[in-house]
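Dropping the structure in here first, questions after.
Note that the chains are named A, B, C, D, E and F in the order they appear, and that numbering of residues resets to 1 at the start of each chain.
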Amino acid sequence: MRYIETLKDGERISEVYYVKQKQIALTRTNKEYGNVILADKTGQIDTKIWDLNSGGIQEFEVGDFVDVSGQISSYNGSLQFKVERIRVANEDEYVISDYVPSSRYDVEDMFKELLGFVDSVKNEYLKQLLNSFFRNDEIFVKAFKNTSAAKTVHHGFTGGLLEHSLSVTRLCDKMAANYDYLNRDLLISAAMLHDAGKTRELSEFPKNDYTDEGNFLGHIVIGYEMVMEKIKKIEGFPEILKLEIGHCILSHHGELEYGSPKKPSIAEAIALSMADNIDAKLETLREALEAKDTNDWIGFNRWLDANVRKTI
Amino acid sequence: MRYIETLKDGERISEVYYVKQKQIALTRTNKEYGNVILADKTGQIDTKIWDLNSGGIQEFEVGDFVDVSGQISSYNGSLQFKVERIRVANEDEYVISDYVPSSRYDVEDMFKELLGFVDSVKNEYLKQLLNSFFRNDEIFVKAFKNTSAAKTVHHGFTGGLLEHSLSVTRLCDKMAANYDYLNRDLLISAAMLHDAGKTRELSEFPKNDYTDEGNFLGHIVIGYEMVMEKIKKIEGFPEILKLEIGHCILSHHGELEYGSPKKPSIAEAIALSMADNIDAKLETLREALEAKDTNDWIGFNRWLDANVRKTI
Amino acid sequence: MRYIETLKDGERISEVYYVKQKQIALTRTNKEYGNVILADKTGQIDTKIWDLNSGGIQEFEVGDFVDVSGQISSYNGSLQFKVERIRVANEDEYVISDYVPSSRYDVEDMFKELLGFVDSVKNEYLKQLLNSFFRNDEIFVKAFKNTSAAKTVHHGFTGGLLEHSLSVTRLCDKMAANYDYLNRDLLISAAMLHDAGKTRELSEFPKNDYTDEGNFLGHIVIGYEMVMEKIKKIEGFPEILKLEIGHCILSHHGELEYGSPKKPSIAEAIALSMADNIDAKLETLREALEAKDTNDWIGFNRWLDANVRKTI
Amino acid sequence: MRYIETLKDGERISEVYYVKQKQIALTRTNKEYGNVILADKTGQIDTKIWDLNSGGIQEFEVGDFVDVSGQISSYNGSLQFKVERIRVANEDEYVISDYVPSSRYDVEDMFKELLGFVDSVKNEYLKQLLNSFFRNDEIFVKAFKNTSAAKTVHHGFTGGLLEHSLSVTRLCDKMAANYDYLNRDLLISAAMLHDAGKTRELSEFPKNDYTDEGNFLGHIVIGYEMVMEKIKKIEGFPEILKLEIGHCILSHHGELEYGSPKKPSIAEAIALSMADNIDAKLETLREALEAKDTNDWIGFNRWLDANVRKTI
Amino acid sequence: MRYIETLKDGERISEVYYVKQKQIALTRTNKEYGNVILADKTGQIDTKIWDLNSGGIQEFEVGDFVDVSGQISSYNGSLQFKVERIRVANEDEYVISDYVPSSRYDVEDMFKELLGFVDSVKNEYLKQLLNSFFRNDEIFVKAFKNTSAAKTVHHGFTGGLLEHSLSVTRLCDKMAANYDYLNRDLLISAAMLHDAGKTRELSEFPKNDYTDEGNFLGHIVIGYEMVMEKIKKIEGFPEILKLEIGHCILSHHGELEYGSPKKPSIAEAIALSMADNIDAKLETLREALEAKDTNDWIGFNRWLDANVRKTI
Amino acid sequence: MRYIETLKDGERISEVYYVKQKQIALTRTNKEYGNVILADKTGQIDTKIWDLNSGGIQEFEVGDFVDVSGQISSYNGSLQFKVERIRVANEDEYVISDYVPSSRYDVEDMFKELLGFVDSVKNEYLKQLLNSFFRNDEIFVKAFKNTSAAKTVHHGFTGGLLEHSLSVTRLCDKMAANYDYLNRDLLISAAMLHDAGKTRELSEFPKNDYTDEGNFLGHIVIGYEMVMEKIKKIEGFPEILKLEIGHCILSHHGELEYGSPKKPSIAEAIALSMADNIDAKLETLREALEAKDTNDWIGFNRWLDANVRKTI
């Protein structure tokens, strides 16, 4: 695999890339040409197909993986790919992991650890609820493992939702150990499910963009609804417990202005919102530091609202 | 009916009132007595039952209507009711409307006007949705007619939810006439249903307090869920229309800090949130002016954030 | 007329355009050249006059309409106009409407509708006030018809102030029908006049920029002053009515932080500020949707503080 | 003069006081009585006239000075004045200064110093403007000397407006000496006039309450209008200077959220708004410290948003 | 010990209490009397000494423990203590713990656990720093064990500072286990010392009020200074480590508006500020729930900005 | 000296400049080249060293002054300097003042005026404190004269800290004359020292960037610490005076959100924070107006949050 970040001016390339954008535009002389963005997990490149009627140019769409051949050149200081031949690639011609950024951790290891937390829940109703998601809903599990936790900010990679959910669950578990008045079962159940709605708010990689549902409703309400639907199928699920776990999910952003329709009203909701916040901030910083590997100040980070640096 | 606001020091009274609060307290000499608040639609009165073991004192609970006899006296500048006899009243001994503040308008007239709006909707799916609430769900209709639109602020009376929903619908209908690019069917359907969740957020009069569900979830999410459940039963309801009406309900407070988990993203959601805001503000002012019938400035109103007065 | 948005690299052009900016700059070799921006209603083009001493180059100023001849070329990805001959055009050589964006609606139709609202006012003093502006002050009427309602945001076109004032008046008229405690005469009079100050805050098209007065005082205070001056000439105008309409104009932005020196204190001031807000938001969205004709999400709109899209 | 703060339980009093409030109320037995508040500069006392038909009770109104006789008693921990005889006092029966709090400084001394600043202005137009207020407008001068600078907060005493205006002028004079690019004439002229509108926003002592005009328009806009009216009568007053001084007055609260419709745009407007702020804060602290003469912390002051104390 | 919360109207009492406030006031008849507030850990009682010249009345000051005898009576609905004899008590006549609220946990147990964390630090410089506080500074250790963590809000009891510091340290230890890129030594050292300044910001119980230093400087800066002074005495303490731990203390309130002069810039500072926030919120809720032992909603809590309740 | 702002395309230059940045980069063909920014007080220029192995290219570092020869050319509309020879210059080959922007005023004149203020202080302890900085600490005095008052905003030039401190001191001196209850000695002492911490927050010119200490602690805390250290060496310095001057320094930004850990609690702290604010705003405006020498509006200034212009 020849990754996009390694391409150089003047090279001839033949490789499979992912089609991120595609438009038909007009040259100054009113001739149609293809204005395309190709991508892999290391970056993206501006791509032109000047002769759309050439024999080597076949049909393709946004979201396809395409086998392209052509020339890399430099234009206004950036590289450009002039494509001469293009066709949709077969599934065996590429490995998806070359095209999507992914978690540092093994997805299956993380999921196994999460299932351990499921098994540690003693409340029968909450355990049934968790199993209905993490053991009995294959579609959900697949999405939960593949989705990122965000489009742009922290955990914006495949496996990111799982990694974040697991980390928040661990923190909640530890808080429950420190504060004996916390209901551990409720807290870690809510932790595992708090961002479940992201499986429908964001499309899977390599697209990783907001869905219509995501834009209109947001993951907080979607996740709340998903949990309520599962609970309806569990006979005898206590009404107050249903409200409490629903409340934990709705209030997990901690403040109305961050999109929670309710502020946390019970101890577990407070604990969950704090754990979510910690994991978001520490991962944001970790990613920022990793992106600029230096011991010096790396400048103002707008999510953390401060000039930040690696601890020495 | 002898209304509470007309009671005077020294009178002996025998009347039916509503039990708003009830506690067993201890006198300084460690004797138990009943500390009760009785209410009707004109106000409430501090009530004491000094001798709980007296023959005339029967069992009763908060929420009961009770027939009480005793003496009005003055204590620290307020009136106090010393009760000698008390028993739960029969349903034919009082008329509920004496105990709850109510809309200036006739509930049935308003509801009929609302049904007219339902009938004016052309989109078949939205019409089915509206009918599923306003024509086919008796429990909802009863609650919708009786609930207030708030515990304390504007429209805090029985019929208030209906009055407010109707007024917002009228405003939306007029906006649709002024802005041709608005989808009238979507807009007035959302207007009629925007506060549907209040039927479960607030208990009915005379209690009129937040329910557990109301405290944990809030009427925005409850209403959204109620609408989604009805839509699921309507075959062929378009997916995008479902998201749009759901979005209108979720975003109708207009700003995240007012409890909407999403800001309005489509024209109808903007129009609805503005109409809701107008009706809330103008009714708040109307009630404030009515409470202090004067042509002078009536002082700072914290909901309107201004010193207000009647227009002359 | 050859509109600027249709110009292509390599063409020779001879056309009349509007002079938006003009500077004399120095080349690297210290030679003076003309650095000019020409505009029509479809856009603007970077223009260079390399030889200022050429016979074909005559004197002109910002604000002139000039007849220019020369060559279109491409520079750094944008088009540039190298002018060889330029002279101020005669008034009969161009039609102003080619140079200014304008309302979708006919100005005279809108103004006629506005006069209908004037005639519908029953209060004699308010009617005199409105006539003193809309019937008896030709300079005002001309400016009122030509001015935009804003430099950049909503209604930023000729006729925009009239279109916006009319739309707000219509909404206020409808509110007065819905809320019987509103004083319709006061409300719609204030609606028609609320942005009167914009006729002096913004210069007319094609310049459409803030005047000194606009920058120093703002349209709220200017408009208030204009109304007070007219009222002084109306014998017997009631003092309290003068204060009320003055207050409506001063408070029409609704919040201190939006530049109103007073928050609305009477019902009509509240209603007007809401109607103004509605019309601004819905027109902002309409223009944003029109600019990107698509059914997809069009991205974050900072005036509406949300990702927006056309309703489907 | 027997000041209210010295009255004691059990005394019989015959004295002239100011009528601050007056209501006719009903006793529990439905008998009318007078519920009055009497005041002098040291405080106020709750006053009852139980027998309105007694021979000694004559007509009087809010704002009158009345000669009253009766008995002081204690009720619920406060003193109460039971009046037996009351009549409107003649002007020679009291001295107004006993009834209004006043500046520590002599009003005429302060005004003389202010006129010195007027005379120091070199710009002929500004000097004419200042003279048109401070030398040629007797009604204005009288109000300017008597009005307070606020209803409740700093400088809430007669002479307060003059004291504050003078202090701000002094500070501005000193700033002009420190920053050579400030236009001293413009700055100190604006300083003297910046709160001119308070002469109409607040009624004079002993009433000292907001007028209708004050509530509807506020002193910023009133003062701006007063200055504009004077300028219109000064032939040849430069247009730009008019805008600049108008802008200084409009923007002198420094921030939109403090009621200025424009933020300061020129150096003198910035300097004036800062000087106004300094004088307000330092006087607020001085009054707070004076009210509690102690070397200890005097608690949280909400205007200064801090726990404050005297410097030792 | 007869606790104040158990006193009843009519009783005669002879007991030792703490003098919280003392003033000499005047009766209406100009006679001096003592206006005193006596307190123990269960509450306080309004106390009067009517005859200051009586033989049984000896000298005493605020902060003394006094042996008092007298009569409890009821006045305006509250109890009042009329003291007939009063004298300063000897130290062996009372046990301090009866007069101060204290932690639920044993102070020595908590301190021992804290020393365990000290011993677990591997960095030699940080370990020396911690020992210089927790092992070698007796005055500090005594204050650290006795001070509360706040005057009014969470942990407002003796031992509160230790309890809070220990709980934050535990959370930080757990975070360091979850995020491998955190420097555990730095983090838990900062956690143990983050509120060290409170030992000088607040006076010890039973006074528990802000000191001059506390009011002028605040515990953040005081604590920073204390740590810097200890570090100066540790030879070879790395400069960057000094800045990092100083930064953690300065930034531990997380936001400038909460009084931190710097926002957290390194991962450990972020983690510490979050841990501090969690412990404050969960303890605030715990204390609120404990104060009103109920399963129902306990109303709006302004520190948590929500209506809260116990999890069921 | 050939200043950078005068360089033209095509010239050959041989001059000494300051090295602001230096990186080794790779060409598309993987060859190393030097990517350098050279600067003087008039600006900076993008500089390339294509052949790093050439005989004329000697070693140099960021912060050096280098003697360079080469060719100026134009690239993408900006000038670029292709360097052929480069070597570190000797100290006698350049004058530092050509490389750093500096105050309009003479540093020694300003410092002399400041010493005059020192001498005018009557309190012996404060005078000792000021002398310990301004007369007896050579390293501090050198830094105080050379440091700027900011990295980017107002007073961002050598001598800026002195100019700002002096101007604030003058304003405070004048305030003390206007408000007799201010303690002049305390106020002007605090004024002279309020930004002392900037000598360590910012590195000296030509670097003028935040130090580690500046980033971690900020000049408010650094300055507080510097003052406390000097005070410790002054025998008998009153404890309360120490707290008061410490408080003035800590609170001089006036608001928590501007980085002060305490709000001003005493009159001198309020006065100082206002004087600091005035000087910052008026200098910001002066620099903005000077940068664009025009009588027209110069556009929105984000520090002043307004469209600004020169007073005419």
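To be clear about the criterion, a residue touches a chain if its C-beta (ideal position, glycine included) is under 8 Å from a C-beta of that chain, and two chains touch if they have at least 3 such contacts.
Please read all numbers here as calculations on a predicted model, not as lab measurements.
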Chain located farthest away, centre of subunit A as origin (C-alpha): D
Shared interface numbering between subunit F and subunit D [over half = same, under half = different]: same
Equivalent of C-D within the choices E-F, A-E or D-F, defined by over half of its residue contact pairs recurring: E-F
Between the pairs A-E and D-E, the one where more C-beta pairs touch: A-E
Euclidean distance of C-alpha centroids - subunit B vs subunit C, Å: 44
Intercentroid distance (Cα basis), subunit D paired with subunit A, Å: 62
Multi-partner residues of subunit E (at least 2 other chains): 76, 215, 240, 244, 262, 265, 297, 307, 309
In the complex, subunit B residues that touch subunit A: 212-213, 215-218, 220-221, 224-225, 228, 240, 243-244, 246-247, 250, 256-262, 265
Subunit B-touching residues of subunit C, taken from the complex the two chains share: 167, 170-171, 174-175, 177-179, 181-183, 186, 240-241, 244, 262-268, 270-271, 274, 277-278, 281-282, 285-286, 289, 297, 304-312
Complex contact set, residues of subunit D against subunit E: 8-10, 74, 77, 297, 307, 309
Complex contacts: residues of subunit E adjacent to subunit D: 28, 76, 210, 215
